[in-house]
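Structures are listed in the sections that come next.
One chain, chain A, links the two complexes that follow: it is found with chain B in the first and with chain C in the second.
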Partner chain A sequence: MRRFIYSFLLLASAGLHAEEAGINVVTTLPDLKSIAEIIGGDKVKVKALSLGYQDPHYVTPKPSLMAAVNKADLFVEIGLDLELWTERVLDGARNPKVRKGQRGHVYASKGVARLEIPQAISRAAGDLHPQGNPHIWLDPLNAKVMAANIAEGLKRVAPAQASYFDDRLKAFEKAVDERLFGKVLVTLLGGRILTRLTRQGKLIEFLEAKEFRGEKLIGKLGGWLGEARKFRGQKIITFHQAWVYFANRFGVVVANTIEEKPGIPPSAKRRDLLIQQARSENIRVIAVGTYYDTSVPEAMAEATGAKLLVLPIMTEGVKDVTDYFGLFDYLIGRLVQAFEEAKKERGSP
Partner chain B sequence: MNLFPDSLAYMAAPMSVCVSITALLTYLGTHVLRREVIFVDLALAQIAALGATYAFYLGHDPMSNLAHVYSLGFTSIGAVLFSITRHQKQNVPQEAIIGISYAVAAGAAILLVDLARDPHGGEKIQYLLVGNLVWVSGREVLKITAVCAAVGLFHFLCRRQINLVTFRPEDAEAEGVSIRLWDFLFYLSFGVAITSIVRVTGVLLIFSYLIIPATIGKLYAERIRSRVLIGWALGFGVSFLGLLLSYDRPSGPMIVSIFGLSLIVLGGARFLIRSKEKKRAAAVVGGISVACLFLLFGLPALTNPTPEGHGHKDHEQHHSEPDTDTEEVRPGVTEEFKNLDSADSVLRETAIDALSKRSDAPALANLAAVLKKETDDGLKLKLALILQQHGRAEGLKALVSLLQESEIPFVRMEAIHHLEEIAGEEFGYNTMQPPSDNAEAIKKMQRWLGKLKAD
Partner chain C sequence: MKKQPNQLLGLGLVLAAGIAVAEEPADPAALRKEMQELKQSFKDMRRAYEARLQTLEQRLDALQKPAAERPADELEALRRDAETAAGEKAADAEKTEATTPPKALNVFNPRITVFGDLLARADDRKVFNEDGESVGDRIGLREVELDFRADVDPYAKAVLILGLEEEAPNEFTTTVEEGYATFETLPFDLHAKVGRFRTSFGQINKLHLHDLPQVNYPLPVRTLLGEEGDNQNGLAISYLGPTLKGFVPELEFQLLNGENERVLAGGDSNSPAYLGHLKLFRDVGENQFVELGASHLFGFNDENNEQATHLTGFDFLYKWKPLERGEYRSFVFQSELFYLDREQPGANVHSLGAYGYGQYQFGKRWYAGFRGDWTEFPDSANRDAWSVSSYLSFYTTEFLRLRVGFEHTEEDGQDPLDTLFFQLTFVFGSHPVEPYWFNK
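After this line comes the complex of A and B, so read on.
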């Protein structure tokens, strides 16, 4: 029976294969899908296995996922122990081309500078990522590295199209730079220098110190970083430790996380500590990923008068976010709005 | 470790919930025990969650009031089901019906969440059955108290009929009490209470509050009233102790564990008291206790020679592995500068900064070599200026070449600024124009550079 079903699946996939021209790319996250579509252009057909509003750590390996991977030419995952379920999907898919270490397998996180690499490996800290925090896609600069890894993979499986992918990668990098820094600043300083300064944490300092033709460069900062200056240094409380890369890039300060150990309900001590901290540090915004229960954060918001923001951490996490760039438009827009409202409320007695 | 927090204020809201649910559930528990439908609360809670999930599938928030209505609707269907299956003269025990309802409701809920595809958090559903006692809000406390009071009042007013159908169903019909109707009302009121309580406490706690106090009451008393009183005393005590001890720990699991422990202790005590052969009973209880203690503490001590091995291990792993990256190091340059060749411009700049603190010939030669390969115009400019300060010809040459080639206006501006300062003359270079439109100025620069070389 099993053999029958499997051969049926194979036949079905072979049939589909014949219909679709192009490279079949299967990614874990919708963000990887969005980036792979940008790099692959009309040469690829991309499918994401998880949905933008699902917890990327836990996805049920359904047969449909395995069937999708079965006909994949390229499989892209973040790695860093984020998608704990891919091993089972890859095992079940019986597609030797995309197994780990094969030409058709890509770890998008390769070469990304990771944050929160633990000093000590101990299970006491709960759901621990020994290779560092895996939510790397929440920093657009990391997306440039991820895109380069995807381009490498595409070139491996379709060497004839190498220059096409290279061109599209360059265009993607430029698009990220322009959206991150604003077009004006990218024209003046170039993406390479801006990226380096940003990664060194020196960008704002540099732009405030330097002038171009008698004008302070900081005035030229646009894009997401320009917008994010409105909440730079402001504190938020989040639920899961998903926001480190975002916070690191855009300067919002994650004062604490509600979740102490993933999967274990926060204790009374934690509750008291968080409420006290929110009051004493005047924390006005609590951010929760779309896939978490909001009852605890709601109770926190009620107790402290802070605003509760339910935010997507992935592309397609909410209806308005349809691609990777849209994710940052949405996140930064919502944060700016929340902090402005909080400020108004505090202003009026 | 500070077991007891300075203020006990945090316990007020959770403790109020515990008092309300102890009061109601201990009483209901005596009925559930007698009816031998031990897992009916799990089944009803799961059916209620299925109702909320269906509302979610239709596009409503699973936490909304409308979803609660769906929950209650589904629960009443469950109540009908359980009341008609009780006295069927058939060979299917009611416990089987309850188990099946639980499994089917749980499976259907997962399926519905999968079908819903609503971006606003399908995973919310699973939290309907988890609950979190510590985070209960004032509004929820009021709601639970009201529901418990209402259900309690109903049971008090109708105690004759309900007691009759639970404890003496064979006499019920003779006294004109409909078993079907009152069974249905029993399960319905039970379901209403469970549906509201489970959102705050979770199924684990509900089950414990329902069964354990009633069980202990049954161990020590015959009359319902005494059983309920014993159950209440135990329930209040365990709740208080559990919340007190769980300031720093998950409170639900703590309360359940204390319930379990108290049942073991009280059960053992009853066995000793009621036993006719005290010596033998004491030997049995003592033997089991020793075996448990050995398993919990003796065996680990024997199998692990260092009892604090746990802490040691953690400590050892603190030493992170040394970086075993054995990249080739440039001649005349020590290990710390190996990143000069890194593809990562951040690492490269750190190495350049470190190396530029030295002014010996090998260091400068290395910086000149890096400059040749450099792709970041910002770093090119930096290297050019360092080399120029140390009197190396590559510095000025690189400045001029940046002005000839760089696509970055800011770099061209900095470069011309420095070059004009060094030269002490103006070349008429326009930073805003690309190098190709600055041919005149570049020619002037090269003439100046040539003159410099000749000198």
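After this line comes the complex of A and C, so read on.
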């Protein structure tokens, strides 16, 4: 009997030690990896199945990815039909804990307000995403929802650490608010109300109308949104419909996409049409994700004098972007610089 | 403070009066009017000064108040204004579930995909199928496949693939290409499949006709496994082994009916066949991978279970596809070797077969390749056939492919054959993602 008790205690402690040894988290995208690392802290080891400069739509579901997921305690994907390849990986991984619908599976997109939900679904419209545009990580406010989903997943697989993950989630949310709005405004009004104003599309209007201590509140807007005021309302042309969440949040206007329809490479006719549009509407910046062919954008930039920006769409998409916050530092910094240079070259807008 | 404006007014009046007295006497009415105007101006001036003084006093009071009292009211008011401006919490209707929310029972319908494969061929001589019917020099709807997939319950998935094939001109047959259930929640990293399926002999046999990187199966596959490869009824168990030195091993064992017509007893089979397949996959950096495989099929090729067949195969796959801009360039080399040891009355047959192809992707939608095949026959190693082919594929999108190809074939006892192919393949419906060994 004593031997049984000792064996039981040994096995039980082994289970505890397994949880303390590190929760094995596998994500599809490097952005999810970055967020999971922040929320999970020293309780997690995180691996991403794709790289930041790789097209997330087309990841080869290789046995090496299956082997990685085989050992996972938690699997995190965006969903919204972005990573259709995960079905093959999950089937081949033979890990019942992380299959869809199980406690070790997380859809990071759960609860995120979707944009560009197609009204009519047909392949005649190109390679549509029937559930809406899946590039949700390009809005920092969505990252708070994604982080909450990841935290819920971590709490399911490691309930003893629940308060630890909750604390880190709160810290992440505060960090996002401060990076987005600036510390001063967050201290004055709080991240919660600023988030609601922003989601309602009323933040700038409110800040411009209100004063505090005799100063206009708009002057206190800092962070990424403060910086993005330098290009708010400016038009860009992008290669693919990946930028809608970024544009919606930071106020840049996507005037058109080089792909006429999603997934359809541009024809010469399309290129010429876009060159005409860029000239007539004084569009000064063309943005292309790092994993797209730049031959047509280069031709357009040469013909119009617009700045061509090859930008990462994900964390680790370029070597300077090593985490999720760094992605927005980079994107906003590059856009500000591009518009300033364009302004100098062409004179005032 | 109030006294000052009155003092100013008085001074002004005195000055005005003094000026009036100093000047030559004027009309009293005009003088009276001027005095009234001056009086009004001073009143206005007084009012303005009083307002400004009041504002200054308020500001001074505010600055002099303790810090704790001063901003609180203003800040609270600001926060209340912000709450009001933000309005009601965002409606939940905007939000999403990551999967389609169930609205009706038809959400449980299977995912359906339809593949259509049309083939036009021009041959320099007559070509006949196994039944002696002429199949050359024509445009044919070679095959249509209906693919149904669904989760059955938390423990199993099922796949059903029906094929409609034009075996001979205007003669269509219906077949069950595959129909099986899979169990993916087994312990010990096992995976099971039960039903009818394409057997795991080698690499390319697992692909359906429309998924082939070329127009047809390689000669040794057609000759030793079947015109469209080998699919049988059975049970398959596979095990994903631990990664060792970067190699990911997978071992599969299949218990089959033994109904392969080429090397086993076919329809006369009354004993099972056994197939084992081991593959070793390895990433080579982030842009390349290789896979080595070995297969062995054992069964009887007669109804009395007296004549054994051993078919052994080795396969190799190399793929280069850069992750950065990976949809625009890739290279594949794939090769398989077959060895057949077949007991027959008289002398055993020991036949060999092999193929190898290289394919290069030179644009997002363009692929070109070259393949060489050679095989001996299952009933005789003294007869062989070989072919060389080249092809060019163009994808309008991942859902439609156009392909042109040329094949030269020579077979003992037959005239050489040159064939020009034109193939159109389309897919519509849910379109499951292809496995990693699919190479366009």
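General observations
Here is the rule we go by: the second predicted complex is superposed on the first by the 324 of 349 C-alpha atoms of A that agree within 3 Å, B and C clash if a C-alpha of one lies under 4 Å from a C-alpha of the other, contacts with A are read in each partner's own complex, and residues count from 1 in each chain.
In this text, a residue touches a chain if its C-beta (ideal position, glycine included) is under 8 Å from a C-beta of that chain, and two chains touch if they have at least 3 such contacts.
Quick caveat: nothing in here was measured; it's all calculated off a predicted structure.
Superposition model on chain A: chain B and chain C are shown in a clashing arrangement. With both structures placed on the common chain, the touch criterion links A:Q276 to neither chain B nor chain C.
Shared-chain residue A:T187: touches chain B; no touch with chain C. With both structures placed on the common chain, the touch criterion links A:E302 to chain B but leaves chain C unconnected.
In the superposed model, A:Q337 makes contact with neither chain B nor chain C. Greater residue coverage of chain A by touch, when chain B is weighed against chain C, goes to C.
In the superposed model, A:R196 makes contact with both chain B and chain C. Of the two partner chains placed around the shared chain by superposition, chain B and chain C are both touched by A:Y292. Judged by the touch definition given at the top, the superposed model places A:G101 against chain C, while chain B stays out of reach.
Residues 51, 53-55, 113, 188-190, 193, 196-197, 199-200, 210, 212-213, 217, 264-265, 290-293 of chain A lie at the contact with chain B in one complex and at the contact with chain C in the other. Here chain B touches chain A in the complex through residues 5, 10-11, 14, 63, 117, 119-124, 127, 130, 132, 134-137, 243, 246-252, 314, 317-318, 320, 344-346, 349, 375-379, 407-411, 413, 431-432, going by the rule given at the top.
Residue ranges of chain A in contact with chain C, taken from their complex: 51, 53-55, 58, 60-64, 66-67, 70, 79-80, 84-85, 87-88, 91-94, 96, 99-101, 107-114, 123, 126-127, 131-132, 188-190, 193-194, 196-197, 199-200, 202, 205-206, 210, 212-213, 217, 263-265, 290-293.
Note for the complex: chain C touches chain A at residues 71, 74-75, 78-79, 81-83, 85-87, 89-90, 94-100, 154, 157, 182, 184-186, 189-191, 240, 242-243, 248, 250, 279, 281-283, 286, 289, 291, 321, 323-328, 364-365, 397-399, 428, 432-433, 435-436.
Chain contact summary for the complex, chain A toward chain B: residues 51-55, 113, 119-122, 124, 187-190, 192-193, 195-197, 199-200, 210, 212-213, 217, 264-269, 271-272, 290-296, 298-299, 302, 310, 312, 316-319.
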